[in-house]
Structures are given as C-alpha cells and as structure tokens.
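Each of the two complexes below includes chain A, the first together with chain B, the second together with chain C.
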Partner chain A sequence: MTWLDTLRNTNRSRFAELGFPKTGQEAWRFTNLGALAGTPFQPAPPAFAKVAIETLPSVTPSHRLVFVNGFFCANVSASDILPEGVIAGGLAATLNQHPALIEAHLGKLAHDTNHAPQALNTAHIADGAVLYVPKGVRVARPIELVWIGTGANEPLSWHPRLLVVLEPGSEATLIEHHLSLDDGAATFANGVSELAVGAHARLHHYKVQRERNSAFHLSTVAGRLEQGAYYEGFLLTLGAKLSRNEIKLVLAGPGAEAKLSGAYLVRGQQLCDTTTLIDHATAHGSSQQLFKGVIDGAAQGVFQGKILVRPDAQKTNAHQLSRALLLSDDARIDAKPELEIHADDVKCSHGATTGDLDDDAMFYLRARGIDQDSARSLLIDAYVNEVIAEITFEPVREAFEALASAWRYAG
Partner chain B sequence: MLEIVNLHASVGDRPILKGIDLSIKAGDVHAIMGPNGSGKSTLSYILAGRDGYTVTDGSVTYNGEDLLALPPERRAATGVFLAFQYPVEIPGVSNSTFLKTALNAVRRQRGESELDAIQFLKLARAKCKQLGMTDEMLKRAVNVGFSGGEKKRNDILQMALLDPKLTILDETDSGLDIDALRIVADGVNSLRGPNRAMLVITHYQRLLSYIVPDYVHVLAFGRIQRSGGKELALELEARGYAEFGVNEAA
Partner chain C sequence: MSPAPNTSDTLDQVKNITDQKYKYGFVTEIESDTAPKGLTEDTIRFISAKKNEPQWLLDWRLKAFRHWLTMKEPKWARVAYPPIDYQDAHYYSAPKSTPLKKSLDEVDPELLRTYEKLGIPIKEQELLAGVEPTIAVDAVFDSVSVATTFKAKLHEKGIIFCPISEAVQTHPELVKQYLGSVVPYSDNYFATLNSAVFTDGSFVYIPKGVRCPMELSTYFRINAANTGQFERTLIIADAGSYVSYLEGCTAPKRDENQLHAAVVELVAHDDAQIKYSTVQNWYPGDEHGVGGIYNFVTKRGACRGVNSKISWTQVETGSAITWKYPSCILQGDNSVGEFYSVAITNNYQQADTGTKMIHIGRNTRSTIVAKGISAGRAQSTYRGLVKIMPKAIGARNHTQCDSLLIGDKCGAHTVPYIESRNKSAKIEHEATTAKISEEQLFYCRQRGLTPEDAVSLIVNGFCREVLKELPMEFAVEAQKLVGISLEGSVG
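Entry: the complex of A and B
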C-alpha cells in the first residue's frame, strides 16, 4: 500500500534526523534513554506464542486478542460474539480486509513530527490492534489485548500500533495487559496508540504493564474527544526497567470529559515516567487526573503533567494531582505539574505531594498487634487502592488491586 | 503485673518524665489525674512502645518481663492495650479489615487459631452491638469521618476484641456523651477481673464514678506527686492542682 509506505518512509527519515531523545530536551529531562539507545536491538520477527491460552491473563470473559512481540497471534486469541459492524482484530489482518478504514485513521492523531519514539513506531508499522465500533453501538463485554514480550538471547524490539475508533454514541471497554513470557535479554516495546472517541461516545481504557526487569517500555497515546465524549483511562505500572506512558488527549468538542489516573509501584533500579498533556480546546470540558506512585529501593518516578486551556475553552474544569510514597532513602520522584491557561472563566488545579508512610498510623496498627511488615503492607495497599478505586469497571478494579497487592510480596 | 521504677523519659532533649514509680497488681484499677502537659500521655505511649521517646533511666517490668525491650506488636500480644487519647485515622483501610488483621495477629502470637471471615464478622457484630455501634462502622475506613465519640468507641471495640490483660485508657471519656460514657464504662468494667489490671487516665471524676478505681495518683511535673484512694479524685475535682504548685490560670 503506497500511502502506508509513504508514511513509514517519511517517519523513518524523520527518526534518522531526530535520534532518541536526550535529557537536554525539556520533555525528557528526567528520563534518560541512554541505556536504551545504546542497546543493539533487532526488530523482532513474527513469532508464535508457546503458551496455553488458559494461562494468559484475563479479568473477565472477553474478546481477547493476543500479541507476541507486537504480532497478532490468532491461534491463542479468543473471540467473543461482537455486535454487528464491530471490528476487533490484528492491524495487519484488518488492513487487508478494511484498507479504507485504516487509511482514514492511521497516523491521523499521532502525527507529531518532533516526537522521536512515535516516528520510530510509525516507521516500523507492521502489526498491532484495531478496535472499531460503529455509530451508537455499545460493546457490553470488554475487549482484552494481551501484549506478550519474549526473546532470550538477543535484544529484540517491536513497535505495535493500536488504533481505536469509536463512532458517535458508541461505547467500549478496552483492557491491555503488557507482560513478558520469560526472563532474558533486553526488550524494547515501543507502542503508539491512537484513540478517536466520537461525539457522546464512551471509552473505558485500562492498562497494566508488568514486563520483565530487562524491558524498556515506551508508550505514546494520542487521543481526541469530540463533543460530549467520555474517556476513562487507568495505567497500572509494575514492570520494566524503564517505562514511559506519554498521553496526550485533546478535548476537541465541547463538554468532553477525560478521567485519567494511574498507580505505579517500582523498586530496585526501575524508572517509571508518566507524562500527560490534556489539551482543552473547547468550552465546558472537564478533566481529572490522579496518579499515585509507590517507590522503593533506588527506583525513580517521573510525573510531568500539563493542562493546557486554550482561549476558547471557557467553563473548563481541570484538575490534576500527583502523589508519591517514598519507601526508602534512595527512592526519588521528579514531579513537574504545569498549567497553561488562556481562558478566564475556568476552574483548574494541580499539585504534587511526596511523603513516606504515616508514623502515627504505623504505630496505631502495631499497638494493635500487627507486625511492622504487615502494617506497612496494609498502608501501602490502602494508598494504592484509593486510586485504583477510580476504575469504574469492577472486574478490572479487583484484578488491579490483586496485582498491586502481589507486587509487595514479589520484592 | 506492672512495675514502673524510677522512670525518666525525654522527647528530644526535653525531659518529660522525671522519676515515675508505680506498681500495679493484677485485679487493680489505678487512675492517673493531672494537669495538661504533665506527661500522662507520654507515660501511656512509653508503655505501648511508641517511637520518639527516650527512656533515660529506670525500668518497666510487665509480668516479670522487660516491657521496654518488646516491639509494640509484642506488647499488644502479651496483653497490653492502649486506648488512645487521639485515635488515628487510616484512610483506605476498612475498619473490619483492620480489626480482623489485628485480632488474628494477636491470636497467632498467643498460639490461638485464627478466625475466618464469618467467625470474625459474627464476633465483631456482637461486640459492636454491645457498644451501641452500627455494623456500618465496620465498613468505613478506620476512624475516618468518625465523630470524636465514635472514635473513642471504636477504640473500646478494639479493646473488647483483643481481650487485654493490662488496659490503659488515655482520656477515653473526653468527647463522650453521657449515654456513651455509660456504655463505654460498662465495656471496660466487663474486662475487670482478678487477672486483669487497668490504668485509667482522666481529667474528670465523672468517669471514675462508673469505673471505680482502687487507687488514684496525681501526676504533675513528670512525677507522681500524691497517691490515695478513690476519694482523692473528689478532692482534686473540688480543689484543682494548686497545692502541687500548678498555676491554674496558666
């Protein structure tokens, strides 16, 4: 397909010019990609999962698509009966079946020519996932994407693309699991997601990333919400040596609403970067962000959150809070909340807090017979569960609580 | 049961307790009264094992064991219970999770079998009822949004569940309405017995007419200035602490 070749080629040369971001660039000040750039990654060949389907994570009966190193594996996927017109499948296959649909949407939201990881992804577009929901259709059961990384000896990279198009008045729930099958050499998953949420459509989007300790995980999300659209996003980060979730949401239509939250629990030498931009382009929009980190060992959290309120975005309601719990002296958080407001009739707030476990609460628990480790666990769970409670879809909420709770025992 | 000998303690560089001697036998109820800032809560925290207090001299022996050498959770397991002057709020932890975790932790340390969710709930509901608390308070986060009196009752609920040998009540009566005071006092009195002891810290005689003490002590300036029987409380109520050199206007 010539349009796709052109897209790839343009981005290939763009990435060649840009190279990997350096800490000298403001947007990458706290996240050093030196180790990533210095690893000789090879593009992962199409692979097949040697996994039993029942061992794959699933929070609930769902339409489940499984990917190995970015390639769709139909043999281990599970289909649910989907409402008529809904497309939920691998990108390469969908490109063959519905080329016009893909051409109409691919690269339309993620087109920032100065964004190196995004250019790199686009240069390598081969496979990924597509979710298309026609006008007014509500997909009751969730669609699950299981992204498996594997590779034992040589460092492999892949660049999966996710395209979500919700036509006006439609609704869907998307769950993403990112995990590693095994231990081994460094891996580099460089995903880009484009989310087009039509007028009054509703997208629930939950992601957990628990890749192995040698993994690099970059994810760039570009979303656009039309009039009255609703987006609920949650990011649970437990894995990878270095991860960055970069999310840009444009509230393009009046009255759009975005709820974006997340929890990250990191230890050892892990780094978890959350970078968000909520772009309020029109009036009566609302956005709410809450991110909570639990940082142990010599791990590092990075939070860069920007709220942009454009001149036309009167009556905007935008709130953002980053909180971090530092469990050790070497743990650190770099937080940079930012407001840029060009309208006068708006309600906006932002903030960042850092703390350690509450001594009074620790003593209260211990004075009731609970040992120090258990008391810490209770308080950490409570801290994390407060933000997990933002998830409105109960099976995911419970699954994520359990995953976060298990993190404490994995140390 | 409890022997406090020449106890000196500081917060930072500041001496707060300056030689406390107190002996509590099994079966006895002792009351401590004294002006604000005299060191009553400090004493109770030191007995419960809170960090931040340095014992500079003296000893505390509990059933023959050096109490000060034990971490707080061990003290709780061996039967020491402190009802806090200011019970702590713990957002995100439900009261029932907290109570069940505490009860099973204590039971485990005492070599007793743990309760499962159903057994626990049955027990907790029964105790709640006795204390005039609703089941709904088990579902809420520990003390979060509780009124002052509800927090105190919640502490007494913990006491009732953990079945302590030595109960220390630090101003449990403050913030309680008259009915609640009676309910709480009944709860405390039901734990009186020949194998148990109590240390009741209060500012008011009223509590002591419900929980009648065997001994009353006056703590001022970090020391026990005077000890007597229950009538001492009445005398203090009438005359204040002036005779101990405390300036009442201050």
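Entry: the complex of A and C
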C-alpha cells in the first residue's frame, strides 16, 4: 500500500536523522539508551511459540489475542464472538480486510516527528493489534493482548503497533500482558499505541510488563479523548532491564476525564522510566495521576510527569502524585513533575515524595509484636496496593495485586 | 448583594497603577567615566587597571573571558528575548567625582540626593544620638561603590564590610582564597562573563564567633545608559558567626534593555549562619514589554562547616527577565539550606527562578517555599533541583511551590527536579496552581473592603510564609511592593 510505504519511508529517514535519544536531550536526561543503541538488534522474523497460558494472570472469560515477537498468532488466540461491527485482531490482517479504516487512523495520533523511538516503530510497521468498537457498542468481556518475546541466540527487536478506535458512546476494556519466554540474547520491544477515544466513549486500559531482565522495553502511547470521553489507564512494571512507558494524552474535547496510575517494582540493575504528558486542550477537563515505585538493589526509577493546561482550558482540574520508596543504599530515583499552566481558572497540583518506609508506621507494627521483616512486608504491600486499588475492574486489580506480591517474595 | 468585581474594571485599575508604579525610574545627571563600548581583552585590562588590581586577579579575569568565548548562551530557561549584542554595551561606568573617598562628606552631593530619593540611608548622621544603628549600607552606583556606612563601627568587631574592589587591595589573601570558590569562573555563561568583567560589589567577612550587630545592606543602582552591571558579592561567615545581609536594586526607565549579570558567593563555616535577603526591583519595562533589565544572576552558598546555615529570601518584582537560582551546597553535616521566594510578574515580564539544594553531608536539611504570581501577559516559572548524594544519610527536604494566576493571558509553570541517591533521605515536593477564588473576594468585599484592598490582602496572605522571613527593614517595603504590583488585578 503506497500510503503505508510513504509513512514507513518518511519515518525511516526521520529516525536516521534523529538516532537514539541521548541523555543530553531534556526528555531523556535520566534514561541512558547507550546500551540499547550499542546492541546490534536484528528484526525478529514471524515466529510461533507455545504459550504457557497458566503463567498469565488471565481474566476469563475474555477475548484473547496473542502476539509473538510483535506478530499476531491466530492459532493460539481465542477470540469469542464479538458484538457486531467490533474488530479485534492483528494489524496486518485487519489492514487487508479494512484498509480504509486503518488508513484513516494509523499514524494520526502518534505523529510527533521529533520522537525517535516512535519514528523507528513507524518505519518498521509490520503487525500489531487493532481494536475498533463502533458507535454506542459496549464490549462486555475484556480484550486481552498477550505480547510474548521469545529468546534467540542473537539480539532481536520488534516494533508492534496498537491501534484502538472507540467510536462515540462505545466502551471497552483492554488488558495488555508483556512477557518473555525463555532466556536468550537481549530483546528490544519498541511499541507504539494510538488510542482514539470518541465522544462519551470509555476505555479501560491495563498493562503489566514483566519481560526478562535482559529485555529493553520502550512503549509510546498517544491518546486523544473527545468530549466527555473517559480513559482509565494503569501500568504495572516488574520486568525488563530498561523500560520506559511514555504516555501522552490529549484531552481534546470539553469535559474529558483521564485517570492514569501505575506501580513499578524494580531491583537489580533495572531501570524503569515513566514519562507522562496530560495535555488539557479544552475546558472542563479533569485528570488524576498516581504513580508509586518500589526500588531495590541498584535499580533506578525515573518519573517525569507533565500537566499542560492550554490557554482555553478553563475550569481544568488536574492532579498528579508520584511517590518512590527506596529500599537499598544503591537504589536511586529521579523525578521531574512539571506544571505548565496557561489558564487562570484552574485547579492544578502535583506532589512528589521519596524516602524509606515511615518510621512511625514501622514502630506501630513492631510495638504490636510483629517482627521487622513481616512489618516491612506489610507496609510495602499496603503501599503498593493503595495504587493498585485505583483499578476499577476487579479481576485485573486482584491479578495485579498477586503479581506485585509475588515480586516481593521473589526478592 | 453587591456584584463581584468585574475583571475588565479591575484590569484597568491595575493598568493605572502600573503606569505610575515604578517610582525609581528617574535618571541622575552625573558625569561618568565610561569604558568604550565593546568587550575585548582590552576592556578587561581597562577595568582591572581602573581598579588597580593585582596581576593574579587580571589573570583570573582573562582566563574567564577566554573560557566565555568558547561558551554558548543557555537556552533551557522558559524566557524569550532577542539575541544580546555583547559588543553593544559599556562594561564600566563610574561617576567621575568619586575616586577613593575617605569619608561620607566627600561623596558627590548629587549622588547623596539620588539615594535620598530612593530612600536609602547613606548618611550616618541621620541617626539619633544614643540609638544603635540597625543597618549599614554599601551603595553601588553603576560600576563602583560610592559609599559604605558604619565601617568604623563594624571594624571594632573585626567585621570587614567594604566594596570588593577595596577588599582586593586591603585583604587580598581573603579575596584570593574565596573568590570563585563557590561559583568557579567556568560555572555558566553569565557567571563566566561576570568573572571576566565584574566591577564592584560588596565584600563581607565576619570573624569567628562574631554576631554582626546590624543588618548589612548593599544597594545597587544602574544609572548610565547602555551599560551592563556586573557586580560580585562575596560573604564569608567564619566559625560560629552570624550575619544578615540585604540587597536592593533599582534602575531608571529606559526603552532599551540593560543587562545585569551578578554573582553572589556565600561561605558558611562551622556553626555559622548567613541570612541573605533580596528585594529585586529593577525596572521591569513598560506595559508593552518595552525596556527593562535582563537579570541573569548566579547566587550560590556553600555550607562548608557542620551545623552551618544559609537562608535565601527573595522578593522578585522587577526586571523584564529574571533568570536566577540561589542555591545551597550542603556540605557540612547537619547543615541547613533555606529558600523563600516570592516572584511577581506582570505585563510582559518573564521570570524563571528557583533554587538548587545539593545535599552532601549527613542530616542536611533544606526547605523551599516558592510563591509565584503572574498577571497580565507574564510568564513565571519555578525551576528547582533537590539532589541527595549517596552519603547524605538522613537528609530531609520539603518543597512547597504555589502559583497564583491573575488574568487568562499569563502562565505559571513549575519544573522541579528531584534526584535521590539515598534511601534514608526524605523528600517531599508539593505544588499547586490556582486563581484567587470568587469566594475569598466575596468574603472580603462583604466586609466592606474595596476590590484592591481585598486582592492585596489575599495576595499578601498568599505570600506571608515568605515575607515573614524578611528582616523588618525589608518586610514593610516588600509588602507594599506586593500590593502595588497587583492591586485590583483580579475579578
């Protein structure tokens, strides 16, 4: 398809100009991609893998789409009968069946020409996932996207694309699992997601990333909420050597609401970067963000969160809180919450805290005869579960709590 | 029920006020001795010769200048201005009649009148007999210090308070030891430029165990056209000493922009305390954004000793552009850094200001309270860094940044950087942005306050946490300034 070739080619040359971001660039000052840029990744060929379903925090009944190294595997996917007009499938296949739909939406939201990883993804668009929900349709069962990376003898990279289009008044729940199978050389998953949420549509979007500790995971999300639209996002990060979730949401229509939260639990040499931009473009929007990190070993947490309120976005309510718990002497956190406000009749705030567990809470538990280790476990669980409680969809909330708890015992 | 005050009415009122507000905009007609325009090594040699400086200082200046030539002007701040032609300015301007003066009686009466007009007490005899003086002033006019009061009285205690150019002559060993020890000559573009061409500023040394008996104050005045002002202030508080230092600044109204690039270095040894307060009221430009001072300032304090403390308080109401980050390097164990700031921007003013707190020693503590108020088409940014180094066990920081927006054409931004390398460190950062609420205004109006008084009351309340940190002498002036800058600007 010529339009797609043009899109790929433009981005290929753009990435050639940009190269991988360096720490000299403000948006990447805390996250060094040197090791990633220095690894000779080969594009992963289409692959098939046996998926150990039982290892997933699966939510049944659901529609499940499985991807191996970014390619859709229809044979292991289990997509039940979807409501009429709903499309949930692989990008390549959907491109053949509904070319006009894809052409109308692909690359329309993720169009920042200065974003190198995004340009790299667009340059390599081959497959990925599509979810299209027509006007007024509610997809009752959640749609699970299982992204699996396989091991290989040589470093492999893939660039999956996710396209979500919710027409006005529709509703869907999307759950993403990102995991790795066996050990092997380094992998590099460079995903880009475009989320178009129509007027008064509702999207619940939950993601857990637990790739193996030699993996690089970059994810760039560009979302747009129309009038009265609602977006609830949650990011649970446990895996990868280096991961970055970069989320940009534009509240384009009046009265749109975004709730974005997440927890990252890292140890060893892991680095987890969460970068958000909530762009309040029109009036009466509201956004809430809560991110919590638990950083152990010599791991590094990065949080960069920006709230932008444009001149016409009066009556905006925007709040953000970032908290980090450092559990070891070598752990580090770099946080840069940011407010850029151009409208006066707004209520905006951000907060950031870092530190160890609260001494008073510790004392309270110790005074009741609870030993040091159990008291610490209790407090860490409580700390993490507080943010997981933001998830309104109960099965996911329980699954994520279990994963977070398992992380702690694995340490 | 009386209607809520109307925005357009009150904006008109603020316009009226701003038209007359800058009462320091006059020019003093005085003959000056001025260096030719331009900046070359010869300019630097000229300044150095004028000041009769030793060779090491000239060498240091030249080293800075050569380094400056290799540097690029920083662009990361949220301020926009046309490129500065560094060759199109005078780097030295001094009132002609003031060679080294022996006593205040020898100061040019025209200068004395200027400071009288500004309300600065530089006549010692004004004091009533039997009343202890509370403030000593060093008055810097363009590139030179024209008067320093109560030097003799301070000398009794061993305190050195004099122009830095004089200190170079009388206490070269102290200047040599400390100059550039906190802000090295290669620090940043504007500090490096300052190192090359600085002309005057104050030098303060408080000996061991001495509590400075009065406030020390420097009053900076830019007068001549087309000159940049590059002052350098160096304050050293030896072990167990205490000093409170005030700084004020004004400039005439001119249509062209003038550059002010100062450097302030503070050193606090064991158990010493330095309190540094600024009321910055450089000419901000007119309501169309024409003229005003470009204020690019590097201020940094080093808490070298254990239990030392450095406290910055600033009220920033002037300047077309403010680029300023008074910082503390908390090296000594248990040392304390504080930063209290009110930044008020109106019309087309731009302020990018904040602080850096670098925690190196154990149990170091820092507090940041920043209040930003934007009106008109102004842009105000808080930019700060809190960095906890691995050895800063038990370090503690609390940061509170609040912004108040008045009118829908202005902006308020908050960009804090928080970097922690120590698990025992506790950092809390909080920031809010809002406008004055209708309810608050209505409440005040109901009780018979005029809209202007209501706004002034609310804004002063908003800034109270910071204003209360100012010494008495400045608190009154600052409160008035806050009122004048913003009265009636809210609907």
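As a convention for this text, the second predicted complex is superposed on the first by the 403 of 411 C-alpha atoms of A that agree within 3 Å, B and C clash if a C-alpha of one lies under 4 Å from a C-alpha of the other, contacts with A are read in each partner's own complex, and residues count from 1 in each chain.
In this section, a contact is a pair of C-beta atoms (placed from the backbone, for glycine too) under 8 Å apart; a residue touches a chain by one contact, two chains touch by 3 or more.
Computed from a predicted model, the values in this text were never measured in an experiment.
**Student:** Quick one: is A:D183 in contact with chain B, with chain C, with both, or with neither? Answer first, second, both or neither.
**Tutor:** Touch partners of A:D183: none, neither chain B nor chain C.
**Student:** Touch test for A:E386: chain B only (first), chain C only (second), both, or neither?
**Tutor:** So A:E386 only meets chain B here.
**Student:** Who does A:E26 touch here: chain B (first), chain C (second), both, or neither?
**Tutor:** After superposing on A, A:E26 lies in contact with chain C but is clear of chain B.
**Student:** By the touch definition at the top of the document, which applies to A:E84: first (chain B), second (chain C), both, or neither?
**Tutor:** A:E84 sits against neither chain B nor chain C.
**Student:** Could you say whether A:A335 touches chain B, chain C, both of them, or neither, answering first, second, both or neither?
**Tutor:** It touches chain C, and chain B stays clear.
**Student:** Quick one: is A:Q372 in contact with chain B, with chain C, with both, or with neither? Answer first, second, both or neither.
**Tutor:** first
**Student:** I'd like to know which partner A:H350 touches here: chain B for first, chain C for second, both or neither.
**Tutor:** Second partner only, chain C.
**Student:** Which part of chain B faces chain A closely enough to touch in the complex?
**Tutor:** The contact residues of chain B facing chain A are 48-51, 71-73, 75-77, 82, 84, 87-93, 97-98, 101-103, 105-106, 109, 141-142, 158, 162.
**Student:** In the complex formed with chain A, which residues of chain C make contact?
**Tutor:** Counting only chain C, the residues touching chain A are 76, 390, 403, 405-435.
**Student:** Going by the contact rule at the top, pick out the chain A residues touching chain B in the complex.
**Tutor:** Touch residues, chain A against chain B: 358-361, 363-372, 374, 378-379, 381-383, 385-386.
**Student:** Across the complex, what residues on chain A touch chain C?
**Tutor:** Interface residues on the chain A side: 26, 311, 314, 324, 326-329, 331-356.
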